[in-house]
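Working notes, beginning with the structure itself.
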Amino acid sequence: MLENLKKEVYEANMLLPKYDLVTFTWGNVSAIDRDKGLFVIKPSGVDYDKLTPDDMVVVDLNGKVVEGDLNPSSDTPTHTVLYNAFPELGGIVHTHSPWAVSFAQAGMDLPATGTTHADTFYGPVPVSDALTKEEIENDYEENTGKVIVRTFKERGLRPMDVPAVLVQDHGPFTWGATAEKAVYNAKVLEVSAEMAYHTLQLQGHGDVSVPQYLLDKHYFRKHGANAYYGQKK
Amino acid sequence: MLENLKKEVYEANMLLPKYDLVTFTWGNVSAIDRDKGLFVIKPSGVDYDKLTPDDMVVVDLNGKVVEGDLNPSSDTPTHTVLYNAFPELGGIVHTHSPWAVSFAQAGMDLPATGTTHADTFYGPVPVSDALTKEEIENDYEENTGKVIVRTFKERGLRPMDVPAVLVQDHGPFTWGATAEKAVYNAKVLEVSAEMAYHTLQLQGHGDVSVPQYLLDKHYFRKHGANAYYGQKK
Amino acid sequence: MLENLKKEVYEANMLLPKYDLVTFTWGNVSAIDRDKGLFVIKPSGVDYDKLTPDDMVVVDLNGKVVEGDLNPSSDTPTHTVLYNAFPELGGIVHTHSPWAVSFAQAGMDLPATGTTHADTFYGPVPVSDALTKEEIENDYEENTGKVIVRTFKERGLRPMDVPAVLVQDHGPFTWGATAEKAVYNAKVLEVSAEMAYHTLQLQGHGDVSVPQYLLDKHYFRKHGANAYYGQKK
Amino acid sequence: MLENLKKEVYEANMLLPKYDLVTFTWGNVSAIDRDKGLFVIKPSGVDYDKLTPDDMVVVDLNGKVVEGDLNPSSDTPTHTVLYNAFPELGGIVHTHSPWAVSFAQAGMDLPATGTTHADTFYGPVPVSDALTKEEIENDYEENTGKVIVRTFKERGLRPMDVPAVLVQDHGPFTWGATAEKAVYNAKVLEVSAEMAYHTLQLQGHGDVSVPQYLLDKHYFRKHGANAYYGQKK
C-alpha cells in the first residue's frame, strides 16, 4: 500500500540526520496522497539507523492507522490537523533543531533578517500562541495542530507563503508541496534562525528586519510566475 | 567476573565520543549489579580508542577495587556515594560536556525552558551547593557525591525524576536505570543546556521556564504508567 | 572552450562545501580569462554532488552566455559588474556563510580585530550601502555589483587590499587573483567574522580594532615586495 | 639528523587538524633536543596534507637554520626566545584556535572558571602586554617571544604552572615537556576558553573564577608529587 510514498517519506526522514536537524529520534516527516486521503508517517521512537521504508505507518485523515505494525509518531494528531486545514500541504516535518527551538522557547517570531530567510519565507516565521492548560491536558497533540492553524488565521498568513511555524516552548513544524521540500524548509529555518540570533546580538536587539521591497524581490525571485532562480523544470 | 556488565559499561563509555560529549579522557560511565553489590567503571585516564571491555574495573560498595589491573576512574568515590544513597540508580555518567559545564561554572540551575528538556527532566536540573574548603581538601571525590545527595535532599528532589545534577564549578553527573540510559540523559542535558543558553540570551535573562502543566504533560507522556511515546515494550 | 578554466572553476566551487561555506546550493565561484574577455561561472541551483566541470557556463563581459546548456548563477550580473570595474580580479566568490552574513544583516563593517584578519584584509571589510527600492526592483543583481563598486569608491578602498565586501542584508562577496584565492579569502572572512563576533561580546561592543602598525606589519608580512611568510615561489 | 625528533614534531603538527585547532596552515609545533641545543619546527606555509617528517626544519638556539630545504615557520624567532628563556620547555605550539583568539583579541586574561581549566592551568592564562609600535616594526617575531617572557616575569608566573599565553591581538602559544603535551595544552586552552566565554555571558560578566582551594585541588590532583589521576607510569 502506497509503497512509493513510503519510500519517499523514509528518504525524507533520513535527510534529517544528514542535515544535522535531529538528536536521537526527535523528528518526524510525513507526506500525503491527496487522492486517497491517506498520509504516511514515521513510527514513534524508532532509531534512524534501524528505520526501513516498511516501518512507515499509513494513517487516514481522521488520524486512524490504516496500515503498519508500529505506533505512528506521537505527533500524528498534529499532522492530521494540518493536512485537513491546509489543503496545499504535501509533506510535513517536525524537529527539535536547536536554533529554531531557541526562538520557540523565547516565545519570539523569527524575524526576516536577510535574503537567506527571504528566499524561502515571505516574512517572519510566527511563534504560535501558547496552548492553554486545558489544551495541554486533553488532546495535546491535536490542539498543537489547532493552535498552529489559529495562529495563521489570526495573522492572515497563507501556509505556502510562510511554510513554517514555531510552536511556543516546543519547536518548529515546517511543510511544503512534498516531504523533501518540507525538509528543505526545515533546514533553511534552522540556518536562518542561527543567523538571526547572531544578528540580534550584534545589533543589541534592535529592529533587524529587511525592508519589504527586499523581501518581495528575494521571495519572488525564487517563487511564483516570474521566478528566475535555478534551471527551467 | 561480570563479563556482560563489563561489555555494557564499555559500550556505554564508547557512546560518549560518539555523541560528542568528551574531549580526551574527560568522562566516565559505570553500571551496577545490585544483587552482587558490585559496580563496573572505566579505568582512569585511558584513551577511548585504546579502551577494551577487559580494562573495566570492578568495585564494591565500599569503593574497594575487587578486580582489574588498572586504577579505576578518579571519580569512583563519587559513583560509590551515589549508588549507596540512591538505590534506583543502575548506571552513572560524568562528563565535561561544554554547555552543561557552562551552567555549572556560572553556578546556575539549568531551567526547564521547553519540551526538549521536559521530556526527560521533571523540572530544573539543580546546580549543587559549592563544596567547602574542607570538603575539597579531604576526600574531595567522596564529598562531591555527598554534596549531590545533600542538594537533592534539601530541594526535595527524587533522583529518577531529575536524573542529573550540575556540580558547581565542575560539571554534570547523570544517571538512569542502565548505563545506556544514563548516557542518553547526558546527551539530553547537553542539548537542553545549549537551547537554554540561547533562549536566555534572546530573552535578556528573564524567566524562561515553561508552565507546570506543560512540564507535566511532556514528562508524563514519556514516563510512568500512562506514557504513550514510542513502541510498546 | 576554456576547458582548463572550467576545471579550475569547478574545483574552486567544490572547495565551498569542503570548507563548510555553503548550505545547499547557496554559493558560486567564477574565474576570468582576461585575454579572451570571458568568464566561467557555476550554473544556477545545481547540487554540489551532481556538479561536473562540463556544467560550467561561459559568459562574456556584457553578461551574455557564450557557451553552456544550463542557466548561469542568478548572481552572474554581479560578477559581470565586478570584473568590468576591477581589472585586477581573476576570480570571484559569493556565499551565505553564517558568520559573515550575520555582520551583513546587522549592517556592520567587519572590524580588523586581530592578526588573523590583518594577514589577509588591510583594514575593516566594509558593509555595502543598502540598495534603494528602485535598485532592488529593477536589475537587482546588476545593481548589487554597482553598490559594491560605489562602496569601494566612496571609501577610497582598493579591491586587492581588501578583497571582500559584505552586501548589506545579504552576504559576502570575495575575490582574488584566481578562483582558488577568492575561496581562500571567503574562508578567512568567515573565520575572522566568527572571532570578531566573540571579541565584541567579550568587550561589551567597545572598539576592538588593532592599531594601524600591527595591521601594517601583518598585512605586509604576507603581501607585497617584502613579504616573508611561506616558501619562495 | 634528529630523525626521531622530526617524526615526533611531524606527528604533533598533524594533531592540530585532528583536534580542530587550525584553519589552513595557521599553526606550528616545535620540539627541542636540549643536549644538542637544536630544535625542530614545521616549515612555513606548507599544507598539512602535504607535510612529511622530512620537511621539518632543524634550527639552533640562535635561530639559525642548521638543516632543511624549506623556510622554517615565520614564528621561529618566537620559539627561539621561549626555548632560551624557559629551560623547562620541551615543545611549543602556536595556533589561531578561535575561542582562545577571541580572548587574545579582547585583551583579556582567560579566567580559571572551573575544574576543566584547573586540571591543566594553575590560575588564569595571561594575555600578554601589547607590543609597542617599535617592537612590531622591527624584529616583530622575536619581540613577540620577549613580550611573553616579560609578561610571565612581571606577573611572577612559572611557565610550567601555566603552560600557555594569549599574545594580545594575535593568539595563543602553549608549551609542555614534549611537543605532544604542548598540543594537549593547546586543546585544553581552546575548550576552557569556549566554556569561559559562555560562563561569562550567563553571569553578566561578573567574577567567574573558582576559589583558590578548588584550583589547588584540581591542579595538584593531576600534577606534582601527590598526583593520583590516571595510571602509574
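Chains: A, B, C and D, in written order; residue numbering restarts at 1 for each.
Here, a residue touches a chain if its C-beta (ideal position, glycine included) is under 8 Å from a C-beta of that chain, and two chains touch if they have at least 3 such contacts.
The model shown is predicted, which means the values in this text are computed figures rather than measured ones.
Looking at chain C and chain D, no chain is in contact with each of them. Taking the CA centroid of chain B as reference, the farthest chain centroid is that of C. Counting the residue numbers used at the interface between chain A and chain B, under half appear in both copies, so the two copies meet with largely different residues.
Per the C-alpha superposition, chain A sits rotated 90 degrees relative to chain C, a value rounded to a multiple of 5.
Centre to centre, using the average C-alpha position, chain A and chain B are separated by 33 Å.
Chain B and chain C have centres, each the mean of its CA atoms, that are 46 Å apart. Looking at chain A, residues 201 sit in touch with two or more other chains. This structure has the following touching chain pairs: A-B, A-C, B-D, C-D. Remark: chain A residues 113-116, 184, 187-188, 191, 194-196, 198-199, 201-204, 208, 210-211, 213-214, 217, 221, 228-232 touch chain C in the complex. Residue ranges on chain B touching chain D, taken from their complex, read 23-24, 26, 43-46, 70-71, 74, 96, 98-99, 101-108, 130-131, 133, 136-137, 140, 169-171, 197, 200-201, 205.
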